[in-house]
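Below are two complexes that have chain A in common, paired first with chain B and then with chain C.
And then the complex of A and B:
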């Protein structure tokens, strides 16, 4: 293990305990530490369990998402994703039980019950997800009981999501809580059956910028139908049909692998991993899906689609590659699935990946990442701003891909930045997404702004 | 005003929040103290959310540390994690001041932060770093109260009995860095020595260039804060600041520094009052340049008065700002349709009543409001402008009411840190945005709307047909 933190105290300070979460490919002999809780005081970029649960469930469009806790947890996550809906906009309302001191002292259960009653009276939603937060976990509100009673009282689904933030600083735990809630929602009631179809479920797809719709249009052209996506542009009724699919596609592996495995066990639905970020990944994924169906007509249509789309994408990528070859990139994103996709796309654009990392990657994710980057690339789990700054400068990076928190650090250092987070408004998936991504990478890496703002024409003459 | 409707939220559920949580305001205020960093004692998520909200508003990198509490500490107490967090923050950031804001979780656990800090400082033999705890559980207040509580805690930490001096104290609420710079410029023009707190005009809006520093340069110096106790007076833009959280009141009660609470200098009347107060304190003439700026504002008000008279804005956000904006509207002949704050007990209603007593229309005043209530009132009252932070985006998206962004937080536009609304120049800049938003809506629709109203589908006047 190359210890990248062995600088003298005071120069570019790093935290000793973090050294095993940072490695350099080709040099490391031991494995990266990535299952640890975030280190206190390290200014981790991670969020919390609640956050993980909320981003996974929030795109269920016609459900009410009620956050049980003091106001902050709801107000920070109001309309947090750029998920689009074909119908109901209920999911974009932000409901909070807005707990006050008296509730914390005497318990928040009565207020939760009252809030549910108000919501049902006003909106009659098919389901309410009730998220627990830190305080609720601490004061011991029995949200399972309150939800159960409310469910009986109103004859709708009221599903507790056990997402008290302090359980872990790692969103993965929240993904699991959301997965539990989804499995509970779709499980057929006694005596009910869900009819089996030739349709597929699309897991870990949140319809950011209409990405689910785009993939749906490809699949439709191939002769395949989506049953329901987890959870982009889904409704409660659609989700209940999930057990009727013949295949599960898993896109965002971090949030949905566990759900896919559960669906396999419970309903015998097999799953395959797909990745629609990047033209090559998209083509590969479409072929994988087609071959599952093993139908010649589907295969033929798939190849025709890929050929047609690749003809549009290739010249664009080639044009940008000329400008971008040899430029140096950094990637720091939430999950490994996204990191892998971006690494591949940047390599297609001729760029070198100098460092990369994730908030929630697992051991096997990091092994996979290490195997596709070149030797000498720095790989970091749960990086903090000081580490990101250090490696952006040390590795002389030209462009970084990440989320909002990293954006302005890159800008301050005069480095281009591509947003690849869940509040983006434009789709980056599929063939057209690959074009949009390449255009954005070029626009920021080669922006005429950088050479200008880095110059100081008055250095000699200023005070 | 005869029987203007005042409503406090009666429902239990809060639907589309008009306020944020208490430590968030604390984090902003603390950035106004030189060489400082905030540490949120709570789950990792709290500090990450606060970073996100501030990064999006200020368009700056913003580091906020966390004690990253997890399940174990909620049972055994958060001391060990807080100590580790302090160790790491000190090592990486080398701050001179650390403000510890408590989250709901830490408050519910009942951690005794003051004792933790004392033990820590003794064990580590720390003398050069000031560690200031602020209690900010968001079940007790909004980001507005968090801002005041933190500012007051900072004053209480540093202020010491000092020899009297002719300088003044200026205490600002949560306004933009550009607003702070403008207030400082006016103070300089009036030739006053002053300590302005919290001064995040540079730390939350740093110019590009030079070596990147982890803690942004700028902020009120702690020596300056200590001297606040000897000032001839405190000007605090805090008419709505609750007394127990009032930094100015603390200085008055503890050190006898007279407190002058003023409205934010937005609008002609409020700015005149500010300048008059500065003149009284400095005994210096009002400089020609400021008189010119006043003249330009008056000219702008005269030219736009009939357009502005047609404005029926819904104004929402933090109480101090919306009070100032409501005054600005009234002095330009516009009666707000809705005046709403997510905060409760700010005294806003009492302040607004004298302003509205002769008004021909009745605004709806909402305290502890959420946006579902604001939206409903705005539509019912025929609001044609939505003035405030990004929380009001549905007023535009769903109700088609054009928006003017001002306040905090703003994440659907760029440059929240540069929005200027104070002073004569800032007021005119705001008023032009106000008027032009009305004009843009008018020009974009008046032909079509009138046609739809007066003619039938064949283009024939309805009256004839």
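And then the complex of A and C:
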């Protein structure tokens, strides 16, 4: 990315070239470098293309997810998401072609075909997603051809996901690969049509801790049905009904905007952005959806729901705000969408956001973040642990929201932590989620353990 | 329903072609763990950042610690032109920014497929005075995470260990194998208790179980010191624990510095711990201290006091070969029946050793598999069930589907904490294993029994 940026002040533990990836709001007008590749030698927190594709597709519950590559790529992504299923748990099994040296030398296509045959024989799944990994990309296996043949042979969907990671370390490329695979899956066969309904699709919702079910219950109360979610608690058959929706909600902008645009083009389904993190965001999103339907009864029910839920949420937030006001927070999450939502919630809790970063944010996202945080907040792209540590200490942070790799770093620094990543197990969406989030932030920021940390009798008394 | 494994048994001996629910992972994670056992070391993953992220995450989740490692951050260019330029830049950047004493590079499938020549690249790299760069080749389409651990251990020896030609020092080297820091600490304690000085590496104590200090130390206080590793070439002998994880390194040290390696099991269970103690006793002509005799006696006493609680119970054991082998041996001592024994790591030796143990104990009808997967184990269990599962977190689906309790031992354990700090090795480890196993079975009993059988005294 070519940017005309002025240099921010240099900071010690950062690689020189990375100065372009860090900025402090209000101090300069520089544009942040993001969606760049990580530097050689960085302790990067970033994942890979395959991982991006996998997290998007993984919650398709009754599909087999076959990872074509050496064993590790599959082992590490075995049941990685806290996505809940109301029926099949097939997606939580781990399938790998377990490539060996001879496969790498002579090509892995025969083994892939044999694995597909075996899986069909054992499980009879309605669809198999076949993910390519870096090595497969290197040795040039033609997974598209293998999948096509297998699909023919078995009369089921065998869908290639081209997620060789080395092209770029960025998850966004993987989101795109997953989007491609989804569009392929839902495209009606020649001569078939999908009946139009008044239902909506819910894109970028992965049913972490049952979040899809929660939103579904709100919508149902309003008189609106979900057609299918992409991809939380979805099945192959449900997904095929996707073209029948009248509206697409887009939740996680990073992974699903492009899919929403494609659905608009191909099937004429409009989309709106929603955000169910935080009570305010939830209320706004519900109103947006209701007004799309333009039905008075729906509007009335929506307002009733919001009023009732807000009555429950407000006192809780107020109570926690008393304890949390003035505490200092840091955020480091995958996507900017989530970062924005968390900033808003933390501010509702009276906290100050000192430091914000994402792994895969885009230029516009960073601009948006900068516009809502206060002056002096550090905004950073693809932070490495040294940088995170530096700012956590420098800004005297009390609590951090992030993913598993930051958790133990934060703890070591004596800083509370809330998991807001896709591997968390508890739902943080909706009104209930706002309450839970507030409670989690409070529990970790004000844990009694910190008292024992501060009052360590073995250490000399510090003033 | 978490039970997705079909009921119909696979035709006898139909191994899965790929892997379904594997009992292994890839080499670099083992190499990374071994490298973290050197003080001041930053492991470096030569490949794309995705792999490195996964390996760090796996270690973080198991140990509940930050696991630091840098990456060459491959992009398409590297796959066309090779990764040499990335690696040289990486080495320069890492020393400039993270100031490690040593960088331990491991490869990934990607750099292996490209065929990067690491020794040459390292020779050409700029390495600051007094710092080190070592490497291990860790292609994951070969072996498992244990192979990767072993390869890095060998790399450490061949780059660092030296012999000064003087008579050997009365000191033992300990190669602990791929075990938790709690186990490493316990093994060292036993050797120290016997009055024998030792050098242990890799040593992840106080690295992967470090205390909260309110400040972050990229290189925590623990880990084997480089000068000690160098000096290990002057030790009298090497206690090589675990054939899969340590023997290669011990053999290399023997060749390079003429330090004889004593191949031992990882000391899990009475017999394997006895073997370790006897090896130290014979190797150094020391007496077994009373303290260890008491510890051993306590284990025997406890076994006798509790044996009826688990005697005759059927167990399925799965995990890494160096842990599963002595564990199976201990289960036999406990009077339990190792019905199914599986490792995901390849090596026919595994089946041979276990089968021989079973045969000697007169146990028939067990199934043993190297390079197996949990799919296969699950099918066996569906055919004939067991009373207890022992293995890593990944066994919990089977545990739930079949309603069999799971005792968590090995790597990875993602769903419980504290265990990396607590040993299963040595005599103390025996007590812990007995406690875990018998408590698990008793809790089951209490949960399932009728009111009239619900006893205060068991």
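The criterion applied here is as follows: the second predicted complex is superposed on the first by the 444 of 463 C-alpha atoms of A that agree within 3 Å, B and C clash if a C-alpha of one lies under 4 Å from a C-alpha of the other, contacts with A are read in each partner's own complex, and residues count from 1 in each chain.
Rule of thumb we're sticking to: contacts are C-beta pairs under 8 Å (C-beta built on N, C-alpha and C of every residue); 3 or more make two chains touch, one makes a residue touch a chain.
Because the structure is predicted, anything quoted here is derived from the model rather than measured.
Peer 1: Record, for the superposition on chain A, whether partners chain B and chain C clash or fit.
Peer 2: With chain A as the common anchor, chain B and chain C collide in the superposed model.
Peer 1: According to the stated criteria, A:251 is in contact with first (chain B), second (chain C), both, or neither; which is it?
Peer 2: Touch partners of A:251: none, neither chain B nor chain C.
Peer 1: With both complexes superposed on chain A, which partner does A:345 reach: first (chain B), second (chain C), both or neither?
Peer 2: neither
Peer 1: One more residue to check, A:445. First (chain B), second (chain C), both or neither?
Peer 2: In the superposition, A:445 touches no partner, neither chain B nor chain C.
Peer 1: For A:90, decide between first (touching chain B), second (touching chain C), both and neither.
Peer 2: second
Peer 1: Name the contact category of A:377: first (chain B only), second (chain C only), both, or neither.
Peer 2: After superposing on A, A:377 lies clear of both chain B and chain C.
Peer 1: A:356 in the overlay: touching chain B, chain C, both, or neither? Say first, second, both or neither.
Peer 2: A:356: touches no partner chain.
Peer 1: Indicate the residue numbers of chain A shared between its chain B interface and its chain C interface, in ascending order.
Peer 2: Shared contact residues on chain A: 13-15, 37-51, 66, 69-72, 74-78, 93-101, 103-104, 111, 114-115, 118, 134-135, 137-139, 165-169, 385-386, 389, 404-405, 407-409, 412-414, 453.
Peer 1: Mind listing the chain A positions that touch chain B in their complex?
Peer 2: So the residues of chain A touching chain B come out as 9-10, 13-15, 37-51, 66, 69-72, 74-78, 93-101, 103-104, 111, 114-115, 118-119, 133-135, 137-139, 165-169, 384-386, 389, 404-405, 407-409, 412-414, 453-454, 456.
Peer 1: Which chain B residues qualify as touching chain A in the complex?
Peer 2: For chain B paired with chain A, touching residues are 11-17, 19-24, 39, 42-49, 51-53, 55-56, 59-61, 63-71, 73-74, 81-82, 84-89, 91-94, 103-105, 108-109, 137-140, 142, 206, 208-209, 212, 214, 372, 391.
Peer 1: Name, in rising order, each residue of chain A that touches chain C in their complex.
Peer 2: 13-15, 37-51, 66, 69-78, 88-90, 92-101, 103-104, 111, 114-115, 118, 122-123, 134-135, 137-139, 165-169, 385-386, 389, 393, 404-405, 407-409, 411-414, 453
Peer 1: Write out the stretch or stretches of chain C touching chain A in their complex.
Peer 2: Residues 1-4, 6, 10, 16-22, 24-29, 42, 44, 47-58, 60-61, 64-66, 68-76, 78-79, 86-87, 89-94, 96-98, 109-110, 113-114, 139-142, 144, 210, 212-218, 375, 394, 397.
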